[in-house]
Structures are given as C-alpha cells and as structure tokens.
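First the structure, then my questions, so here it is.
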Amino acid sequence: MANNTVTVSGERGSAASPIQSTRKRWWRWLSGDMILAFLVLLPSIIAVAIFIYGFIGWTFYISMSDWKSSIPDFTFVGLKNWTRLVNDRRFQMDMRNHLFYAIGFIGQCIVIGFTLATLLDQKIKGEGLFRTLFIFPFAVSGIVTGVTWQWLMQPSTGINLIFAKLGMGWFRPTWHANIEYGIWAVSIAAAWQFSGYVMALYLAGLRGIPAELREAAAIDGAGTWALYRYIIIPLLMPVTFTVFVLTGMNSIRIFDVVAALGGPGPGNSIDSLALNMFQTTFGAYRFSLGAAIGSVMMFLAIFLVVPYLMSMQRETER
Amino acid sequence: MSGTEGMSRRSFLRLLGVGTTMTVLAACAPAAAPAADAPAADAAAPAADATVADAGKLEIFSWWTAGGEVEGLNNMFEIYKRDYPDVEIINAALAAQGAGQGGEMKALLETRMIGGDPPESFQVHLGRELIDSHVVADRMEPLDDLYASEGYNDIFPADLMSVILYDGHPWSVPVNIHRSNLMWYRPSKLEAIGADAPPANWDEFFTMADALKEQGLPGIALSGTGGNGHTMESVILSVFGAEDWPKLFDGTIGWDDPRMTQALEIMNRLYDYAQPDYLSQSGADVNDVMMADDGPLLMISGDWLHGYFKSKEFTDYTWAASPGTESTYLLLSDSFGLPKGVKNRDNAVNWLKVCGSKEGQDAFNPIKGSIPARTDADPSLYDEYQLWAMEQWKTQTLVGSLQHGAAAKQSFLLDYDLALNDMVATRDVAATQAALVVAAEEAAFGQ
Amino acid sequence: MSVQRLWTRGAIYLVLVAFALYYAMPIYVLIITGLKPYKDVSMLRMWELPQGLYFDSFTTAWGLVSPNFRTSVMITIPAALISSMIGSINGYVFAKWRFRGADTLFILFLVGMFLPYQGILIPLVLTLQKLSLYGTLAGLILTHCIFGIPITALLFRGYYASIPNELMDAGKIDGCGFFGLYRHILLPISMPAFAVVLLWQFTTIWNDYLIGLVVLSNPVQAPVMVAVKNTAGSFSVDWNVQMSAALIAAAPTVIVYLLLGKLFMRGLLAGALKG
C-alpha cells in the first residue's frame, strides 16, 4: 500500500519539477512577455482594487463612524460599534449559525457531490438523465429554493407527510423551526440546490484522470478502496480546492435561502450575518453597525478561509 | 489536434445556439421594449413614445405589486393619465415581502436618496417611518400649501392630523387607512364550546381557549417567524388603553412600566394556545392555518385578511375589535410625500392631489380593502367590512400603529420585532422587557 | 462474482434513483403548484395533484415577468461572455505566467469572492454615479464583470494549471509569444472550461436580485428575479402565480445547462488533454 503512495506521488513529483525549471527558463527568455502578462492583468487588478478592496475599506471606515440614522454622520467613534456588536446576542447567534451551517453545507456538498460523481462514473445507463436531474436545482434561484423548502419542511405536511406514509410517523422533525437545530435544516435546503453542481465538478475531475493510472493501480493489486484512497482522492485535490472555495463563499454570504425560510427565525435560530447586516442597515438605518457586520464577514474570509486556501493551494501544487 | 478544433467549432455553434434561443424567447415578450432608457411598466403604464416625454415623467415607488393593491394603484394612475395625458408614469413597484419589512425597497430608495436622485414620490407609512427616515434628514418638502389649497385640514379627521403633523407641518398625503387591532374569529368554533359572543378581553379569551384545548383545538393562530409584533401591539393597546398608548412613544411612560410586564405575560401565555406548528409558520402561512378544519378560534390581523378570505372562498369567519380594544382604532396608513430635488416637481404635486382627492381615494380603497382617509367617501362603493370600519373610523379614538410604522421609528420597530422573536424561543418575559427598555432608550423617545 | 456484481450494480442504481427523487421532489411541488388555480393552493395540500390542468397562472405570470425577462437576457448574455473572456485571460496569466507576487495576488482576488453584496450597495451606487454608469445596462454589466473576476480567474486557473507545460514549451519553440501561446495552444482547448465558467456566471447573473435592482435604479427595468418576487402582494402571496413565474425565470438557465452540460462533461475527455 505504501508503495502505491510513493509511486503515485513520485510520478506527480517528477511531473512537477520541470514546471519549476521551465518557470526559471521562461523568466530568462521571455521577460518581455512576463511584463506583458502583468499588463494584461492590470485592468483586473485595478477593478478589484477599487470595487472590492476600495469598498471593503469604505465599509471598514463606516464601521468606525457614528452613522446611525438616515443622516450620514462620519464622526470617528473608534470601536464603539464593534463593542456593541460582540456583545449583541443576535450577532453571537449568527456566529454559531455560520459555524454549524458551514459544517453542514460544505460537508453535504462534498459527500453527496463526490458520492454521486463516483457512482455516475461506473458506466451507468441513463447517466445523462441522472446528471441533468441532479444539477437542475442549481438553475433555481435562492429565493425560490427557500420558499419551496419552507413548504417541504412544514411539520404538519411536506416531507413529514411522506415519512408518515412510509410508516415512519414517529419521525416528525420540526426542521428549520427547531430553535436548537434549525440551522442544519437550512443547510439541507441550500445543499439541495448546490450539491448537483459539485457533483458535476467532481465528475469532470474523475473523467480527467487517465485510465492508465487506474489500470496501473489495478495491476499493482490495489483494491477499490485503495484506488480511491491513494490515487483518485489525492488527484481530485484541485477539484476539492475549488469546491471548498465555492461552498465556503456560500457559507459566509448566505442570504436568500435564510430570508425565504423566514429568517431570522425564532430566537434568531436561522439568522445569518448577511441578513442581519441588511436589516440593520436598511431596516433600522444603523449604517455603522451594519458596516461592522459586513467587515466581520470579510474578516471571516480573511482569517479563516485564506490561510486554508493558501495551504490547500500549496498542497495542490506539490 | 484537428479533433479538438472540430470540437471547439461545434461548441461555438452551440453557444451561438444559446444566444439565438434567448433572443427568440425575448422577442416573444408581449410588452414593449423596456430598455434601460425607455422603461415600460406593466399593463398599467405602457412606454410612452418620445413625443409625450416633454411633459416629463412621474416615477412612483410603492410596494403594491399584486393582490388588490396593484389594481387600486392602477385606478389612481388612470385618473392621473386622464387629467395629465402628456406625463409618462413609471410604476416603480417592488414587493415588500422577503428580507423583513420591505428591506429591498428601502435599500433601493435609500441608495437613490443618498445618490441625490429621488423618485417623484414614494409610498411610505404615515407617521414616524416617514419622519425619522426622511423628514429629519431634510429630504422632504413640507406640504402646507397643498393641504391649504385642497382643504385636507378639514377633510381628514382631527386625530389623524395629529399623526400627520410633525414640527407643525404635514409631510405626506394619506391615501388609505387600515386597521391593525382586529380579531378574526370563527363562529363554528364558538359554537363548539357553547359560547355566543367572541372574547371581549384576554381573560375571557383564556377561558374559551382552555375549553377548546380540552377538545384538542388551538385558541389562536400565531406565527413563529414574524407577525407576533402585530398581535403584541393589540395586546399592549388592550393593557394601556388609547390614552396611554401614545405616551409609550413620547417618553412619558417607560417601557419598564409594570403594565408592560403584564402585556408581555399575556403574550407569553398566548403561545401555549397557538396551533401546534406555529414556530415554523410565517405570517402568510398563518392565514391558511386559520381556514383549516382543526384551525384555531381566532387570530389578530389587520383588515387585509378580509380580502384574502374572500379570495379563498372561505366563509366561516367574522370580525370584531381585538380583545380589550373596543373603542380604539389602531390605524396604519399608506401615504405619499414630496422629496426635495425631484426632476418633475409639478407632476409630483399633481400626483399628491390625486392621492388626496375623493375620486382618487374612492378609486383606490374599494379594491384595496382599506377605507379612505377622507370622511366624505361614497358608501355605495364599499363592502360590508369597509362600511363597518368607516362607521368606527368616525366615532372611535384614533391612534397610530407601532408595527406598521406610524408610532415609532424604524430602528425601534426592528428592535421590538427582534425582542419578540427572542421571546418565542426563550419564553422569558423579564429578558424581553429588558431588551425593550434598552431599545426604547436608544430610540430616545420624546427627545 | 457476477452475483456480487449484480448486487453492487443494483445498489448503485438504487442510490441514484433515491437521489433523483430527492432532487426532483421540490421541483414537483413547484410545478404542480403552478398548475393549480389560486383557491386550491394550500400549504396543507401541497402534494395533491391539481384537479385538471390550469395554465392560467403561467399566462398571468408570463404577462408579469416578460419585460424584465428581456432585460435579464440583455444583461446576462454579454456579462457572462465578457466576464468569461476576462477570466480566461486572467486564469492564463495566473496559471502560466507566475511573475513575482502572482500567487499572493491570486489569493487577494479570491478574498473578493467573499464580499457581501448587501453591505456595499451605497459605495457601489456612488462609484457608478461618478462613472455616469448608474441606472444603465452597461453599468450593471460592468459590475457583474468586475464581481465575476475572482471566480472566473479561479476556475480558469485551475483548468489551465492542469494543461502540461510541455505543450507550452512546444509552442514556445514554434515561436509563439504571450498572446500566441494563448491564441494557438490554450484557447482551442478551453471550451470545457468556458462551459463551466459560462454556466456558473450565467446562473449567478441570471439569478441575481439585489445588484440588478439597485444598480438599474428602478424595479421596472430590473432583472427577472425582481419581477418574480413582485408577483407577491404585501400581505398575501398568489403562490400559483409566483411558482409559475419562478419556473419561467428558471427556464433559460435550465436550457443553457442542457446545451452546455454535455459539452461541459464530454469536453474534458476530448482533445489534447490526453495527448
């Protein structure tokens, strides 16, 4: 088993080393083209600098000011809004909700997406039909997803009615209305919409793995489990990386589904930062507090996701 | 490599195919082309051609997009078009349902206001919602001249004028009146427990609800995800009465008052008599719960419920003032104001005249299900509920609703809703009251 | 062995069918609700088939959403195409021309994907006003292209990174420069990546609600999703009409998926990747 690992990573390693050398060669030969590459990227850099980092900076600046009515007030008040925010019960619930939601959503997307892709990769009759059906929800907007699942997750009807018909009447969850676990139900609705797309990404990744590699593994006597554990899953790391970024993004920005499911929910049980920010800003005209919530979303991305992205990217390239 | 090239050519064809399909679909659209510079509204406001653009435009923001509301609004547009045929009306309507209290519409209006590009007029709840969101920010023109020339001061009831005026000036024209403190109850359920009249106060209700509970029936329809603020304001009104109600919002009576504790305790007890799955039901879902065979005795809702029941051909219901609020009319009103710096001020003023006119109000209200703010409406146009309400409107004490923007500013309303939203989960009266006290302090009532 | 194989195959199909039901269930509710007349729509009887077919709600819904449908087409097609092209060239640079700091820059781009749109509406509007693009389709297309830069760069970079550098070296030897390598080596085999990115951008932009609404400054000219939501009143919702409108609004993304889906899957198997 250990041999397999060495062989595979050895192969990948030998494929990777020429990249390093080519990079150096190109730098020497084509430094003019290297400048050209930068120039081609420059408009995007400027656009991102203004529309993304400029706006982040603007938002952060507002969060330190005293704008709390419809009259803009840019008096600097330091961390006043931030102190208020961290002591706010709704905000504390939001952080808990995002943690649970992220675990549930990312987990479901990766597990369901990978499983279905693997199954569909077994020369299935009617693969096209299954694939179309699986990815269909991705075409449906978040609001519609939320509204539909709000019906499906009614305790007295919807899915519970099906459970009852199947003789499982004892199983009657309250879904998104549950004050403790409601947020997990939200992640089910959201994963319904997104997991099909993840399946498609994994399937494309699987199809990109050369048949020779699988054959070689089979000759080495590797079983199905070993094949996946030591060859396929590591080779799919770049796909997993992309999936993680996409689902992580969704976990931080989740808004539509929560709003349509009746967010913030009893006791803010299914609230999200984006919904909180939107209501705080435009529902209560607390612009500075809303900006602080928006900044928190960005910091979450920067402090939690970026280090992970970087390590993951390094691993992908090794 | 050649295979790849063929592949990509096919792919391009496919892409082209997508484009063509889209264009064909788009071409099938029946209405006139709503390009960015020549927008067309729905059937009510077809795109005007270039020759009439000279009289300018009239852009009206509202959240009336469906139900009887959009027809009522269109009726008013018809009057406007008859009188000012050269003006192009842009019906900028955006549904208020969704991310809480019409969040998207407010977001849009706010960005337009901050960007210095207000619409000619926009729908806003009469009272503090208008005042604290726009008047104090110096964005609105006072309407004293209009009120004088159109005689509104005499035609709107005096109690209503006290809601309209801020700083001694009127800032918007109310087009309709809804009532918040209504109880919708089912005679069949009263019969089931042998009662012959609906509860006159909350004590009576609890007695009846206990009797229903023995039969396994809920007493009241509540929502776990919104709408409790509406029920709660009727409870608060029943405890404080019409005279003390406004004092909660001018700093005279604190929210730590023992009577508020009493009101919260009533509310907290109501949850014990709600339908079983109320926690997962939104305000709109609750309307359906009310119609179910095993539904509750009553629900507290505004008078828009009447139109909903009628449209569903539901008949087992009637109405009365919510328990303990017999002689008070807890009102909410949609109104239109005049922002500063609009492009076509004359068009906007003419619109406000239509909104305030007897003809305009009689065109809008019968179909909307509300009653006119004016006291001289034509009774033959209205249904049995509206006639009842118009009688009450003339004789009862009028106070402004909290839940619907009349009594307090937006930020307080959000805090109030969130406090109640917490109470559904915690069922903790003391903590809820403490949160309300903090919210009232921040709202700085009376300052 | 073959008996065991039969069991395995059976189990696989069973799981696939179960998931097919899971994905189809909400769609079923959407469709049958759209086919019911208003008075028969009730949360409590959601699974029941309609008594007869009523297409009225589809007709009503089409009448309500069609002008905005057209606007959405006019925004989504150019925005998705342009942002995919930008993404392609950016992904090329990030994958194959790693100048000093390119990787850091890439991570900085990625952070942009987490930007909460709800919080940047006011700066966005003020900036577009300064550029005289506020309230215009061009302004909205620009906005979508800019906010699409991170995601498109990510997807294309991933794809181009999987293309062997030997291919690039060969092109180099044939005398290709920066653009030549892109034009002659990468672009011809980029179709699968374009399919993935176009599908993503098309869906995201088509399903966008808030940015389109606020940037176009008026619900009348807003994208179709706003019109879908506008089929609801403030105190009640005609679910049948709203569900029909939602299905109409979802149709283009479904069509695009059906057309691009095969390409998206088949493409990765074809061409120079193996060869």
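Lettered A, B and C in written order, each chain numbered from 1.
In this text, a residue touches a chain if its C-beta (ideal position, glycine included) is under 8 Å from a C-beta of that chain, and two chains touch if they have at least 3 such contacts.
Everything quoted here is computed from the prediction, not taken from an experiment.
J.: Out of every possible chain pairing, name the one holding the most C-beta contact pairs.
T.: Maximum number of inter-chain contact pairs occurs for A-C.
J.: Determine, using the mean of C-alpha atoms as each chain's centre, which chain is farthest from subunit C.
T.: B
J.: Measuring centre to centre with CA averages, how many angstrom lie between subunit A and subunit C?
T.: 15
J.: List the centre-to-centre spacing of subunit A and subunit B in whole Å, with centres computed as mean CA coordinates.
T.: Each chain reduced to its C-alpha mean, subunit A and subunit B end up 37 Å apart.
J.: Would you mind listing the residues of subunit B that make contact with two or more other chains?
T.: Touching at least two other chains: 98, 107, 110, 114, 285.
J.: For subunit A, write out the residues touching at least two other chains, lowest number first.
T.: Residues 143, 154, 156, 255, 278, 281 of subunit A each touch two or more of the other chains.
J.: Tell me, which residues of subunit C touch at least two other chains?
T.: 43-44, 118, 122, 209, 229
J.: Touching subunit B in the complex: which residues of subunit C?
T.: For subunit C paired with subunit B, touching residues are 38-39, 42-44, 62-64, 66-71, 73-74, 77, 118, 121-122, 125-126, 129, 134-137, 188-189, 191, 194-195, 198, 209-210, 213-214, 216-222, 226, 229-238, 241, 251-252, 255-256, 259-260, 263, 267, 270-272.
J.: Once bound in the complex, which stretches of subunit C touch subunit A?
T.: Against subunit A, the touching part of subunit C is residues 9, 12-13, 15-16, 19-20, 22-27, 29-30, 43-47, 86, 89-90, 93-94, 97-99, 103, 105, 107-120, 122-124, 127, 143, 146-147, 149-151, 153-155, 158, 161-162, 164-166, 168-169, 172, 177-179, 192, 196, 200, 203, 207, 209, 225, 228-229, 242, 246, 249-250, 253-254, 257-258, 261-262, 264-265, 268-269, 273-274.
J.: Per the contact definition, I'd like the list of subunit A residues that touch subunit C in the complex.
T.: 15, 18-19, 22-23, 26, 29-30, 33-34, 36-38, 40-41, 44-45, 47-48, 50-56, 58-59, 112, 115-116, 119-120, 122, 124, 128, 130-145, 147-149, 151-152, 154, 156-159, 161-162, 192, 196-197, 200-201, 203-204, 207-208, 210, 238-239, 241-242, 245-246, 248-249, 252-253, 255-256, 273-274, 277-278, 281, 287, 290-291, 293-294, 297-298, 300-302, 305-306, 309-310, 313, 317
J.: Can you check the complex and tell me which residues of subunit B touch subunit C?
T.: Subunit B reaches subunit C through residues 1, 3-5, 7-8, 11, 14-15, 17-19, 21-23, 25-26, 28-37, 39-43, 59, 63-70, 90-98, 102, 104, 107-108, 110-112, 114-115, 117, 284-285, 287-288, 291-292, 302, 304-305, 307-308, 311-313.
J.: In the complex, go through subunit B and note every residue touching subunit A.
T.: Where subunit B meets subunit A, its residues are 98-101, 103, 106-107, 110, 113-114, 132-134, 136-139, 224-226, 276-277, 279-282, 285, 410-411, 413-415, 418, 421-422, 424-426.
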